[in-house]
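The structure under discussion appears below in the form of structure tokens.
When the chains are written out, they are named A, B, C and D in that same order, and each has its own residue count from 1.
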Amino acid sequence: MNKPLVLCDPHPRRIDLIFRDEDKRRLESIARVIWQEAEHASAENIERYLADTVALIGQTPMPKERLDRAPNLRAIFNVEGNFLPNIDYQECHRRNIHVLSCAPAFAPAVAEMALGLALAAARGIVTGDAAMRAGKELYGGASNQENHLFRGKPMGLLGCGNVGRALLPLLRGFGGEILVHDPWLHPRVLSDMGTTPVSIDVLLQRSRILFILAAATAENQGALGRKEFNAMQRGAVVVLVSRATVVDFEALLDAAAAGHIRAAIDVFPQEPLPPDHRARKTPNVILSAHRAGGLPETYHEVGRMVVDDLELILKGLRPQRMQCADIETVGRLRSKPVVQ
Amino acid sequence: MNKPLVLCDPHPRRIDLIFRDEDKRRLESIARVIWQEAEHASAENIERYLADTVALIGQTPMPKERLDRAPNLRAIFNVEGNFLPNIDYQECHRRNIHVLSCAPAFAPAVAEMALGLALAAARGIVTGDAAMRAGKELYGGASNQENHLFRGKPMGLLGCGNVGRALLPLLRGFGGEILVHDPWLHPRVLSDMGTTPVSIDVLLQRSRILFILAAATAENQGALGRKEFNAMQRGAVVVLVSRATVVDFEALLDAAAAGHIRAAIDVFPQEPLPPDHRARKTPNVILSAHRAGGLPETYHEVGRMVVDDLELILKGLRPQRMQCADIETVGRLRSKPVVQ
Amino acid sequence: MNKPLVLCDPHPRRIDLIFRDEDKRRLESIARVIWQEAEHASAENIERYLADTVALIGQTPMPKERLDRAPNLRAIFNVEGNFLPNIDYQECHRRNIHVLSCAPAFAPAVAEMALGLALAAARGIVTGDAAMRAGKELYGGASNQENHLFRGKPMGLLGCGNVGRALLPLLRGFGGEILVHDPWLHPRVLSDMGTTPVSIDVLLQRSRILFILAAATAENQGALGRKEFNAMQRGAVVVLVSRATVVDFEALLDAAAAGHIRAAIDVFPQEPLPPDHRARKTPNVILSAHRAGGLPETYHEVGRMVVDDLELILKGLRPQRMQCADIETVGRLRSKPVVQ
Amino acid sequence: MNKPLVLCDPHPRRIDLIFRDEDKRRLESIARVIWQEAEHASAENIERYLADTVALIGQTPMPKERLDRAPNLRAIFNVEGNFLPNIDYQECHRRNIHVLSCAPAFAPAVAEMALGLALAAARGIVTGDAAMRAGKELYGGASNQENHLFRGKPMGLLGCGNVGRALLPLLRGFGGEILVHDPWLHPRVLSDMGTTPVSIDVLLQRSRILFILAAATAENQGALGRKEFNAMQRGAVVVLVSRATVVDFEALLDAAAAGHIRAAIDVFPQEPLPPDHRARKTPNVILSAHRAGGLPETYHEVGRMVVDDLELILKGLRPQRMQCADIETVGRLRSKPVVQ
């Protein structure tokens, strides 16, 4: 019997970045794989295989016309992490083609980084190290006048998708109430997770640490601006690890520069950040160059998830490891493609 | 009825550092307090009140001769955190005088800092910030070649006293096995806590992150040296937050300088660290000036614990908030007094 | 603007059983509701409203022909709990009509009952009470020769759907390994839940307590028979709360009668159980008349979930409280309709 | 070198009940053991060994006069579980003789039984089984009109010692607030455990399930009477597993007989319970013949704890597995010796 055909077109991800040898072997044991790398598969190459392709690995454009020519297609594995507008999601749904994102592979790494950034900001870890290297350190309590514990403090999450769910178990041990604002989740779903669903106003006022985890959507561009940061408690920590467009970036830097909040920022309105961007000199900010999610083991998890889910699909089960496109909301997402 | 007399001699802690107004009021509502500050209570002053003193707040020397002159003494509250050798612990035990340390007040802060330092080291948070400020940052995966997740990885604790117990709930959410070596705790006590008791060798070999939390004792001076750091996995993270004498400090810096481990160090063989100490220039190290425990809210917790436990003692109950001196081991401790 | 039309045809559930007044009010505030009770809606009634119906509450037959006449239909809320074969699930999927089951509303109640039955069986709670009422009790250890603790013991779950997920948090505190066999779930999904995915053989051999939670499917009729019960440890506890067809019922009773296992049974091959059925006299068995899930507050939760999810759908979000029919596997389910 | 002498006088516990072969071997490898069984060691036998005895296993009377003749004694291991008034606890403390109770060995078993009894009472497991055996069962919801879920409901603990601490992790998964009233524990200690410290009035009014876990003390005889049970919510579940003297037993039975509460009772004012005691016929009660703690594996844990702690003591460490007598409160306990 012929193995099903899988077209692997992962650009800009490299094949070896995401597939370890063992996952490649697993994949080739269940499928005939057309490996494509270096650049996007050419239209010609795609057309050559489309009629037989059972699964597509990559963020290849798939408008309705192409779907019409892919009668055997059962799954599209986005290995970049964002659902881009180059796929006809409704048509895929109608044809029962699973459109899947590898975003969950990155969530644990982003969650751990978010917690690390939050603690670093709350405890002055970056400035404390710099002070010692400069021979200007203060010892003990003298250096901690403005620092605070997480224990028992309200923590806030703006958005509770993949990253939020990975972050929750890391926050439990601190014993504080966990407030969540997520307009796409039912309050009861949030309370069943052991969190307190709140309005954006309550989130801002009560959170000692605010994790901004919301995906970029049509509705939330610049949702956190001057007014919102002002509404936060003095000394609150703001950790931005999802998408920069969710905040008014200048307002965020102003609030940090003024000493009203402390910020830790992993994503920027423009990447690479321009060399002379003021963020590079803003105090009370920890800067991180979009490094939260992309670790060697995270990328390998992407490949592992793809093969796991393909195995399930070929067995007649639903995919379970990656995130299924939600056709109700996928059209409202506003992510840009990654560079790497 | 006369209120019991309490002699408050907290030097080098300041009264206002540890007692908020509300705790002072609570204290004065149950006791007649002789407040002493600025320096240690003079021998003269101590002798004046000794016969009537029911509780002593501070690390005042209390040899047997003084205890003989303090027939009403029921508790000594050490508000510094170390059990110093200036008290006759055996004699206190015989007389049922509780000797109590405020160390548990610092434990949550040290535990949070330890986790923050560990994440900062594992994810390059300090160097990542410096790179962006210098305009030399790498984005995404390129910057993370050597970094790793905590999720599911074995974590090790050398010592599981106050700080270890405060750290455990913070580590649970990462889902890895928690290895503990503590020669003073029964293995079954450790396994009942949900940890795996191991030898020091196994601890070093298996831990991806090693938290050094052991108190300084007669037996463990320089216990972790060249051989021990070499036995660790390449890229392992070592967090030193208890006492510097537990490690061979030069060996620790060598292992970090060589890139074999990453270290985060909050305590030093000499404090303040000499201006030209090599640690200040060692790479792969995060430096922190003995800042893990002393936060404003931590010091306040000291005062609150003192009053809580005094209330219990005056009600005929055992103290429950502070740590009771363990007469089996107190003589083996080798802590030095704090400076502040 | 016209409110959307909702056809409520919940038979055999009564309206007042599932909808509290406040949920009725919520429902009527967002929809024009056609309430139908006492018996199934007549074909005539259904046809009258079909063209305008936006949501159907009930397990009304919906073959393709009816779907063709329901162009506005967006959701079917099954309030019985089983996905019956009277709906064209594929066609619903194609039309993006959500088909939803209230099964999750029952899961917490079934999970609590399962744990209660397991403890009752392991500790002889039912027989211990009977002995005291008969004046034949043994005190203390003498009565516990065959009883055992759960603490630290391996527990097994056959099936890990709604009930399994509700049961897991209740089992965590016992500290034992939780083994799961579920052929429809990826092993990594199970390990991410903190369980150990195992084969059915390992499940039977290692579990001190086995919870049978699997839905009835085309593949698992009588899956646990004489051989399987014999493979279990002597004295193991078997709790059957999902569907009786998963086991060879006679073999289960034989294993209990022989004293090889202890059983607790909430579901039977025939309900009501015939008056002279041998189960009624079998020792080492606790009997429960399909009572695990149906509590007043559980039924109310059904109504609340329906309104919650309808609200979400009308806002353009996906339903989140009820269980979506999984078109990959819905055709393999073999549940029978409930009687009540 | 001579091994230290250990006098083993465990009556009424039998040696083989508590010591498995491996623990006997461990014990004999570190000590010369004088084994005494069948009845209490005679005064003559005790005097013969007293001068050399390093540890005494058993609840042998040890007044000051005997302690005076036991200069080498370092530990007394009570293997019954109650601190009886036949020991001079103050004098033991002064001499640094550890007086230890095996009560913690029973706590996990009592906690599991308490939860099992609570679920059995809340869900009618005992009466449900009886109904099926009598052919009078009601199916599904019809049988559950008065039953309720634990999920999310406030649960109360009267007393939070060994059993309470073992019970807490078993209750967490239900997600409800856990209220505790314990006059011997500081409220902050209770809140650090994740519970809510409350007055007895609040405990009674808010708890849907009340676990009575308090030791019998001079102060709490009959503390829960008619007034207290009346203050509880209708349908609340009361589980009595510590000591019967804590309640007014007739009032408890009356409240159950009237249908105001449901009770599960493991301890009685008189044991064995007189054959014609009304409790045997009282409805809405589950009866258990003091069976909560004494399982084969529990008794073995007693022996294991004894050897574990003796090993620690001989190494110069404090005992950690058994419960140390608290000289502040030991004199207020009012337990009676066990019969077995």
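The definition used in the following text is that a residue touches a chain if its C-beta (ideal position, glycine included) is under 8 Å from a C-beta of that chain, and two chains touch if they have at least 3 such contacts.
Because the structure is a prediction, the values reported are computed rather than measured.
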Same vs different contact residues, subunit A with subunit B, by half of numbers used: same
Maximum centroid distance from subunit A, chain identifier (CA atoms): D
Inter-chain centre distance, subunit A versus subunit B - centres from mean C-alpha coordinates, in Å: 37
Centre distance in Å when subunit A and subunit D are each reduced to the mean of their C-alpha atoms: 50
Junction residues of subunit B, two or more chains touched: 175
Overall pattern in which the protein chains touch one another (line/ring/star/complete/other): ring
Pairwise chain contacts, counting only pairs that touch as defined: A-B, A-C, B-D, C-D
Parts of subunit C lying in touch with subunit D, wherever the complex brings them together: 17, 108-109, 112-113, 115-117, 119-120, 122-126, 128-133, 135, 137-145, 147-151, 169-175, 271-273, 275, 279-281, 286-291, 293-299, 338-340
Touch list for subunit A against partner subunit C, complex: 90, 93-94, 96, 184-186, 188-189, 304, 308-309, 311-312, 316-318, 320-321, 326-329
